[in-house]
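Scrolling down, you'll hit the structures one after another.
Shared chain: chain A. Partners: chain B in the first complex, chain C in the second.
This part shows the complex of A and B:
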């Protein structure tokens, strides 16, 4: 089958846009869920995504060094995703407990400032992991090290793998293989990302709509006090929301590592803002809206490169944010009162 | 009420913090340095007055070699390699200058202009800085060299290749690498004559370095009769370049040239290969990194070409390599050897011009130091280094490398200025 060059290019960009959109959608879900239950923008969410990427890197690095990645790559990747998810989830829950719960009744501004603080703390903590480890291990009693030498060098190596200010790379295991569909080459890596994202989003939707915990989340988002009177444990529900939203960010973090290879401590900033844009575009507080917004933003951004110079990609994304806020502040699927529906 | 108070406090604090730091660092850049007071050292009659003032280091203090490079972020592999080169050179030099302890001070400039200027202001204000190795990137050098020149601080960059680096005519600026005009010439020569390409797509990272190179390659490739199918810019530090990859491939080019650094080069080569691009991938010295380009991209990097101001083959390189491996547990990446040579050039020149005054201070004339660097040829591990009036090398060579079996391997050497 032969396609006209224009259509061919368009289809190719469509695939690119779906991949980028998957990342935005996964991260946007975390923003929107938290907004749903707390009516606040969790600006530390991009950094939770970063923590997920680093937890995944640490895991895959260990699995590679013991040779498990070569012998059993599929299981190794699954374990990497699990650890990335868990690391991000626990971080998210911790951030909520330490940075948001104490200021929950202190107004939106306090929560916003607290979120920015949490974001900085997360970034700098990951950056400083090797330094902190070294400082602790250098503690001496008299002229002797507190810890034995072999233990120190082992632990320092682990810490070096985890954080630090230099960029880190995932092993390139997804490869560049793929197949051609209607004249457009699609790599297996892209298929993995798009399919996995869609499955996860479907699972999330089902969880929120049809399970007990999902109903509790919807109840809390509608009215915390009433939900509490009806026997819903509000604090636990909020923690669960953070846990799930952060897990999605963690998955996105590991996917970025596996697909784009390089990760940095400041990697969460731009995707975080883009995902926030997606959430606003879809209607913040609305779960299907965040997914839709993510894919629309990804596609528009990528397709803009067909007509505009590539460096204006971010401009396009943020013009969308501004236009949405001016002309359609409720977003595509949001309703008048943001909190009505989660 | 309470929240208004918080906002006011927050704003006041922000103003305070942002207001303080530039003032503290910017002041010395404009005025004369406190130690640049030739008059105060007049107690000694043997110290010649230097038109640029002297570096005066009291006994017991250390003499510092500054390094301005990317020590954090995406390009840290290059910057750390440079710091290793400086440290090894100081060790090789014996660790002291006329009895004063030598230390290195690495500052992170992130390969960016603004940070490069901040580092330049910091180094210029530090009375113990002998000279500066770097900045690493042309984008930092071009704005920072004004400050180094105004304060008469010698800077030797082992990696800044943009033509603009030595074009401002400063007497304090030196570089130990060929410029990008030559690099582009070698690139186009290899693309057209050795690989026989007639069409390429060009991508650059919008930096002074990358855009300059890409533009030069475009001009020379078209002058050689080739077609440039697309010329695109990308933003540094992003993850997804697939949109640019797709637009670059629409013209069906036989090859792609990328003007930029390892972090983006690695992602681009992976994304080009993942888009089933089977043509040539060619880049500059900014991607000649075994760990952060060839190893990081894995199979996708196989067959990729890059140019680099030649290293190796010079007498003493093997000894250097052994010492480097023993100290840092791995091979130098790119500009480790160049930084080693640049540091030795600086230290040897300082050794020649340094004197001790009547108060026991180490005194180094700033102009005497720069003149001595320019006047004295040096043979190091990267070859014969002799500067011309502009601070460029008189004789240079550039090699083309290719990733073969996962290892960056030299293919062909081009010599200039013989």
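This part shows the complex of A and C:
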């Protein structure tokens, strides 16, 4: 079958949009879940995504250096996702505990400032990891190093993947393989990302709708006092929400690393804002809305490249954000109630 | 032994002091009502009992156990359920889900399902609408749901904060009949009501609260005969 060149390019962009949309949707879910339970925008969420990417890189780097990535790539990737997820989750829980809980009753502005502070601290902490390691290792007693040389080189080697100002690189494990459908090439990497994202999102939806913890999350997001009267431990439910939302960001971080290869400590900023846009577009606080918003934004963005110069790509997201806030602040699926809280 | 003992409780909202040393006792099996004007502190007493606000001074004992330092989600496990003022059903959950939330502390699924069926026999209107979002219910139906949800926790003590607020006289009667029925099943009730007349009809005893202090207490019959209660709360000159 042959397609006209225009349609051919369009289909290619569609696949691209679904891939990018998956990243946005996964990250947007964290914004929307946290907004649901705390009515605040977690501006450190993009950085939690970044921490996930670095934890994944650290893991896959170690697995590569012991040769495990070659001998058992599937398991190695699974382990990488698990560690990236867990690293992001624990970071998210810690951020809530240290930066948001103490100011929970202090108003919106305090929470916002605390979130921006948390974002800066996360980025700088990751950036400084190698520097801190070096400083510790350079401790000398007289003219002798405190630590033996082998220990020093071992630790430095460990720290080299984690953090620093320069971009770091994932091993190109996804490869360039793929298949052709109706004349359009689709790489296995994209299939992995889109399918995995959809499975994870379905699992999240089922968790929120049909499990005890999901019901607790919905109750807390609607009314904390009444939820606690039902026997829900509100603080623990908020921690769980951060854990799950951050896990999704961690998965997205590992995916971005595997797919684009390069990661940086400031990589969370632009995807963070775009995912936030997705959440607002779908209706912040609404879980299916965040998924929908993510895919719509991903598709609109790649399709805009067809008609506009590529440098405008990022502008498209911001225009959507502003238009949504002006004309449709509840978003596509949003609940009217959330608007009053904003 | 008393089921609930509130001992010299002081509660403040920031700098605003709402309760100035409230003491009261509820015996097992009783319906006790709490009478007072707007702003007297009735809601504050109920919130303090179930842990939503912590008293700055005083003690709350339930079946001999000190609840004063426990968070609300632990207190409901001890057997105290509150039907809050203004109902506060989860409007974005279905009726069925609201009832399941009421049973959040329980783990025996078949028993929960059986209790929900019992609730539906008691409130057939809720059964017809079980899959509907609670926000779409009428005020009276929401009040029924709020009471039913509290019952799902299998409380030993039920606290009701103005259950008749905004209801028509007919619904009011059915709410009071429901409270009596709940009490007959062995559940102790502490009732806050603006409708003093109706609540003294079903209560065994009552306390009168004025600006954060209990001013006196008596049997329901005694309160109905009291000149001050007649004048201030029953509107009889």
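Convention: the second predicted complex is superposed on the first by the 334 of 342 C-alpha atoms of A that agree within 3 Å, B and C clash if a C-alpha of one lies under 4 Å from a C-alpha of the other, contacts with A are read in each partner's own complex, and residues count from 1 in each chain.
One rule holds for everything that comes next: a residue touches a chain if its C-beta (ideal position, glycine included) is under 8 Å from a C-beta of that chain, and two chains touch if they have at least 3 such contacts.
All figures in this text were calculated on a predicted structure; none of them were measured in a lab.
Once the two complexes are laid over each other on the shared chain, residue contacts for A:145 go to neither chain B nor chain C.
Within the superposed three-chain model, A:171 lies in touch with chain B and out of touch with chain C [touch as defined at top]. By the touch criterion defined above, A:219 lies against chain C but remains apart from chain B after alignment on the C-alpha atoms of chain A.
When both complexes are overlaid on chain A, the residue A:256 reaches chain B alone and has no touch with chain C. By the touch criterion defined above, A:233 lies against chain C but remains apart from chain B after alignment on the C-alpha atoms of chain A. In the superposed pair of complexes, A:12 makes contact with chain B only, with no contact to chain C.
Of the two partner chains, neither chain B nor chain C is touched by A:39. Partner contacting the larger number of chain A residues, of chain B and chain C: B. Chain A residues in contact with chain B (one complex) as well as with chain C (other complex) do not exist. By the touch rule above, chain A contacts chain B in their complex via residues 5, 8-9, 12-13, 16-17, 19-20, 23, 107, 109-110, 113, 127, 165-167, 169, 171-173, 175-176, 178, 180, 185, 187, 189-190, 256, 260-262, 264, 266-267, 270-271, 301-303, 305-306, 309-311, 313-314. Touching chain A in their complex are the following residues of chain C: 50-52, 71-73, 76-77, 81-82, 84, 88, 90-93, 97, 100-102, 104-105, 149, 153. Chain B meets chain A in the complex at residues 3, 6-7, 10, 71-77, 80, 108, 206, 232-235, 237-240, 242-247, 249-250, 263, 266-267, 270, 273-276, 292, 295-300. Taken in their complex, chain A has these residues touching chain C: 212, 215-216, 218-219, 222-223, 225-234, 335, 337.
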